[in-house]
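Letters A, B, C and D mark the chains in the order given here, with residues in each chain numbered from 1 onward.
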Amino acid sequence: MDLVLQLLFTGIGIGAVYALVALGFVLIFRATNVVNFAQGEFSMVAAFLMVVFAVDLGWPYWAAFLVSLAGMAILGVIFNLGVYYPLRHRTYLPVIISTIGASILMANLTLALYGPQPQVLQGWFETQGIQLGPVFLDSQYLLIIATTCVLVAFQYWFFEHTMLGKKLQATSQDKEMASLLGIPVVGMIMLTFVYSAILGGIAGILVAPILFVSIQMGSTIALKAFAATIIGGFGDVAGAIIGGLALGIIETFGAAYVSVPYKDGFAFLMLVLFLAFRPQGIFGERVAEKA
Amino acid sequence: MSTGGQNGIEAKSAPGDAATLRAPSFPVSHLGFLALSIVAVFLAATMPFDGYVLNILMQAATYAIAVFGLSVVLGLCGQINLAQAAFFGFGAYAVGIGTADYHVSFWLCLALGMVVALGAGAMLGLTTLKLGGHYLAMVTISFQQIVTLVMTNAISFTHGPDGVSHIERPSILSSQQAYLAFCVAALAFVGYLVWQLPQSRLGRAMRAVRDNELAAGVAGIDVYRTKVYAFAICALLGALGGGLFAGGFAYISPDQFSFAESIIFLTMALLGGIASPIGSVIGTGFLILIPEWLRFLKSIPGLYLALYGLAVILIVLFMPDGIWGFISSIIDRFRAKPAPQAAGDLVLQPGQRGGETVLEVNGLAKHFGGLKAVDGVDIAVRRASVHALIGPNGSGKTTILNVLSGIYGATAGTIRLDGADITRAPTHIRSIAGLGRTFQNIRLFRTMTALENVVIGAERRGNELVDGSAQALEKRALAALAFVGLKGREQELITSFSYGHQRLIEIARALAANPVLLLLDEPAAGLNSSEKLELHALLKRIAAQGLTILIIDHDMTLVSEAASHITVLNFGKRIADGESVGVLNHPDVISAYLGSDD
Amino acid sequence: MTLTRRQFGAGIAAGVALETISTRSFAQGATIKIGMVVPVTGPAAESGKYALNGAKLAQDAVNKAGGVLGKPIELVVEDDLTTNPGAVLAFSKLAAQQDIVAFLGSIRSTQVHAMAPDILKTAKPVMFGGTDVALTKLGNPWLFRFRPNDSYSAKVISAYGAETLGKKKWAIIHSTDAFGSGGAKALTASLEALKITPVLDQGYPNQSQDFTPVVLAIKQSGADIIGSYFTFENDIAIFARQLRQLGVNIAWVGSPSITVATAVKLAGPALYGTYGVADFAEESSPEAKAYSKLYRDTYKVNPDNYSSWTYDAITVLSMAMNTAKSTEPEKIRQAIIATKNHKGVEGTYNFDANGDGLHGYNIVRNENGNIVFDKHIDFES
Amino acid sequence: METGKGLEVRNLSVRYGEIEALRGISFTVAPGEVVTLLGANGAGKSTTLRAISGLERPAGGDILFEGQSIAGLNSEQIVRRGISHVPERRRIFPGLTVKENIMLCGSNRRASKPELASETEAMFDLFPEIRPFRDALGWTLSGGQQQMVAVARGLMAKPRLLLLDEPSLGLAPLIVKAVFAIIAEIRRRGTTVLLVEQNARVGLSVADRGYVLETGTLVLGGKPDDLWNNDAIRAAYLGGAKAKGHALAEQA
């Protein structure tokens, strides 16, 4: 039982990381119908920015955090202008390739600028965690789970209770109609990329104290997050969260009870099963195709 | 996932492709290819290359074979495959494990690897039934990841991450140069086949599926099977390349067949231009050479891979058709147009099985959720008549046509064509049964010439007027184009035709199939008045040959003059049916169109 | 520094005979070129940088001491992209340059495997650092190993853990790549020789984000000592942290990666008190001490085994060429094989007929983040 | 018509690649007027509206609104100038509620959220039929309800010119009547309306003037009664004698 609880906690923790990155996927997909294969690199870049500001320059943690996220916002703008916007009228394939190119570019540019050494980034808390009976709760995982909850709540509030959120939704559902209502569609898409970059950045900064800051940290998480997105159903925020958590838990338990070396296989096996038998994900499409 | 016509890659492709890939009319280029291949093989066998150049060339040659596979599945058929490295690995591991551990003949291992990959590829292709776009991409990524995991972890069989060393190759090819020459020969051979593929029945089917799935189905192509074939061929070529690669480098390990490698294969295909094997070779060569050239940037780690990533983005942004697409469009400007070919007369001899009624629709309904787009409609089309189906916007006409041709399944009712029940038959089976149609928004295969479009129509299984030989197909297609008045423009690409002429080509495509019944969906939409007159004359000529036509159109002048019988729909129901003149003066019809008086 | 000068006294003497320089050296014969295949990019780019650091130090030392046959040596570096095909291409590119007399290969065994067929064809000596036992038994006469192979690391880990620490219940944790699974196999074998059957043999995939299941498996197995083969530093650091967090504080003797600077930095306190085998240990010899000081002065970071083997390789290679008075591959080969009792920074080199130079390991301990030399265990070759 | 007021379309042409959808049409809509564009499918009616609201770029000609050229502006800018377009097939946002759908159109001008909320309430007064569905998602509504939401949404922009594209499309006669009653109400309140209809009788019933389009060309224009009694309109819809030769009545 102790074992199960401990595995469950870790599973939820790692699942929350997938969920955070998956949120970014879903947002961009909903706004543009494009899968951003460079989403993981957003996390990596943010973590390196954090290292630069908090470790190398020795700024206070919160200041470094805010400046890093501001940096991510700028990256989101550049990404939109350089990688997505010029291709917005083309089919999905060139956009996929273009985001893959962007991911190679970001990873290796970071390597060129910062060098290959993995870096240490301290967590928010001094203490490592809490011993709760037989279960050790890592403080950073607790923070990640809490942040995921807060961000989901924020996202819910933002999309359901603000005009801006409604405008973003309208843009993702029918761009032409949105522009007829005076909604600045180009700006909305820009905003989506900025927000996704920030979300990816938060995920990266939160996970850095656990996984350390390395060039390839983004791509490993992103593939899993991608799987989580499909399991949850593309285009559904709640689905991304559930999918991420489910994946984290299944992976952890699968590793404990089935096989550690094939751990990564569970994610993809689940993904294939979902695509074969329930391609619409756990929740299905929220919006019917034929109105 | 949408399965619309634009599913897949860009509909527009290198304008030169179709022309450059046209082989049958250029016997000289066959010889040219042979000569070039012989020279390449000779050079590979005799040039005093040092080890580095040999390795580079060997890598390029074997990779290019795998990239050919992608040019088939992606370029010809428009389906994405992000697992080519896995298939490459199948071939490599078959040769590696087979020769190193079991000392089986290289050739046998190579063949075995190709067979296994063929099976796996077909299996992957089967998923296209339900999935397209991003989902398909994700399935192939998952397949790739699982294959990598097995390669790494099934240590007792694959040697795990240690990889397989001491891979053997046939004794006659034991020298590096001999082996390279052999790889180049294989490259040339496969390249020739891939070059010729677009002109084959299967190749045309793939291109049709890529350009427009709906139209392909309506033209009698089994879309699903075509995709499965494309995946299988892609996997087969991947495995061939991988097997040769293993023989060339004598050592393989799982990281050579990872997802990252699949991306590199894809980029190679895109960089060169996905629609052509020449593009594949160019792309492969570039992507193997560029990192080598850029090694001078090594003083800053990561810089050249960063530039590589940037290059990928720039290519996608500014050279959508790849390098070869760019070059061939330039070459194309200086290419002389082929001489017009002689065309015979088009014969329309629809076979006759059933009785007087060619199409019998009973109680047909199509509901979309709560929306009753078509609600219990009866239509009977008499043999050799022109029958019109009319009604205001949103009355359900196009829905009926889509149900008739199998694009939508019927909610209720039956459809009998020439005596046979086709209510549940898939699109291509209906076409084989003799149903031909055109679309309201023209659905032609846009990267092909007019002739190729019409040849696909003529190829319909069940067309008894052609024996399936290339000459017979071409002859019939030429006749069909001449029949609609486009003689002399057969070799031009669809994009160079005016809108009105594109409509005529679509009709020619349907006519070439020698259908039992021709469905015309708003053939006059978007035509100017002189084009409408031409269309009218054409309809008369078709009717004169005894072909039954069911036409939907808004141009009442055309409908009333061409059709002998009219069925009128409103709100998904039949509101009038009978001889033309009577129906058009029917008060319900007038009020449906002009609004009721009350 | 004094050390290296002394070493190369003979070299200076040999360098006088300029005319004897092989006619094989071509137009730009002003330097003796040594090719080096190293990961400049990719996941192992970091270790590549260290490897280069060590090689450059040796290059400077050799050149200051008069070079080889009177000429300075020059490193020609090619990036292997941290991939096997990359290594093959990098090597063949270097091999195509006729004036390169010898090469430094990779520290990664799979890359050496991949390059081996080309090395055989090139027929010039290649110094490498991969520790897979099989590499020097391929029947390839041109391979020279400058680190102790895995059979020694396994022997040393098991001997130290079972005999010095007196632990009998072993959990073996290893990456599933070539290095990890090879090491685990060797460790199981050498424990069996000590009549010990491990209670747990657990592989994990590289770049794992979470080791909770592994740690819990160790907990359940009731092991009292961990023997580990980790490939990547971030993996070992994540594992170490989770191990401590979940309350496992048993003894731990690890493969060399547990001692490298990055792992020590990343893991912090989680690795305190662990033991590692280290081909390089600062305190193990006066040579290693001198080298460490030089390295630290030059690069401002602590030295580790990524740099020490390349340093030794360049040193021994230069020495061999000076001894052989030639850059003929066969003569260099003979001279390297003949190298006995050379005190390098990694240990004492006694080359055997297979091309293995070292036959033992240092045992080091992580004391509050400092790697402290414990003892050196050598075996007969 | 005095310049500087209403809408003036001058020699407008629009191309879709090969197809010339509009071949140089000119017409005007005076302030307060309801003008109906009639014509068969594919005649260019929707294209005209799309060009005015900025969804299509004109290939030639000009579009003046209140004296200023709006040709070439994008649709976001045009809606801010006071032109609201209710497009064909309604285009309700399927994943937003009715209330949200309606509220969104207020976003072209500066209005606080409470203001928008109270204006939305006012819309429900105008369209009492959809008030019960205020919190239902868009896609769950019937065609007629969707049409009302679409019109309400269009009105929320407080337009001086409302473009309505086929409001009767696919609706049962009773619902069509209801929708046109609302258009009459909108007209009574003084909003200028440019209406596209295929249903000529209904389309003309609320109009001050009408025009008939045939394959991208205006063939006829005039008062509703004159148009209704003109054989050409019957020809345009039901075939027969061509409508050519009828002079386009120029407005005073």
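Definition applied: contacts are C-beta pairs under 8 Å (C-beta built on N, C-alpha and C of every residue); 3 or more make two chains touch, one makes a residue touch a chain.
Since we're looking at a predicted model, the values are computed, not measured.
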Each chain counted as touching subunit A and subunit C at once: B
Top chain pair, ranked by how many C-beta pairs fall in contact: A-B
Between subunit B and subunit D, centroid-to-centroid distance (C-alpha), Å: 41
Inter-chain centre distance, subunit C versus subunit D - centres from mean C-alpha coordinates, in Å: 78
Distance between chain centroids, defined by C-alpha means - subunit A, subunit B (Å): 36
Geometric centre distance via CA averages, subunit C-subunit B, whole Å: 54
Per-residue overlap in subunit D, given as positions that touch at least 2 other chains: none
Interface hub residues of subunit A, defined as touching at least two other chains: 108, 111, 115-116, 215, 261, 264, 288
Contacts with 2+ other chains: residues of subunit B: 149, 152-153, 301-302, 304-305, 371
Pairwise touch network: line, ring, star, complete, or other: other
Which pairs of chains touch, using the document's own definition: A-B, A-C, A-D, B-C, B-D
Interfacial residue positions of subunit A with respect to subunit D in the complex: 163, 166-167, 169-170, 173-174, 176-185, 286-288, 291
Residues of subunit B that touch subunit C when the two form their complex: 50-56, 59, 149, 152-153, 155, 160-163, 165, 176, 249-251, 253, 255-256, 291-292, 295, 298, 301-302, 304-305
Subunit B partner contacts - residues on subunit D that touch it in the complex: 17-21, 40-42, 142-143, 166, 169-170, 172-173, 198-203, 205, 215, 233-235, 237-240, 242
Subunit D residues touching subunit A - in the complex, by the definition given at the top: 53-55, 74-76, 79-80, 84-85, 87, 91-96, 100, 103-105, 107-109, 113, 116, 137-139, 146, 153, 157
Residue ranges of subunit C in contact with subunit A within the complex: 41, 43, 45-46, 48-49, 176, 202-205, 207-210, 212-214, 216-217, 220, 233-234, 237-238, 241, 245-247, 262, 265-266, 268
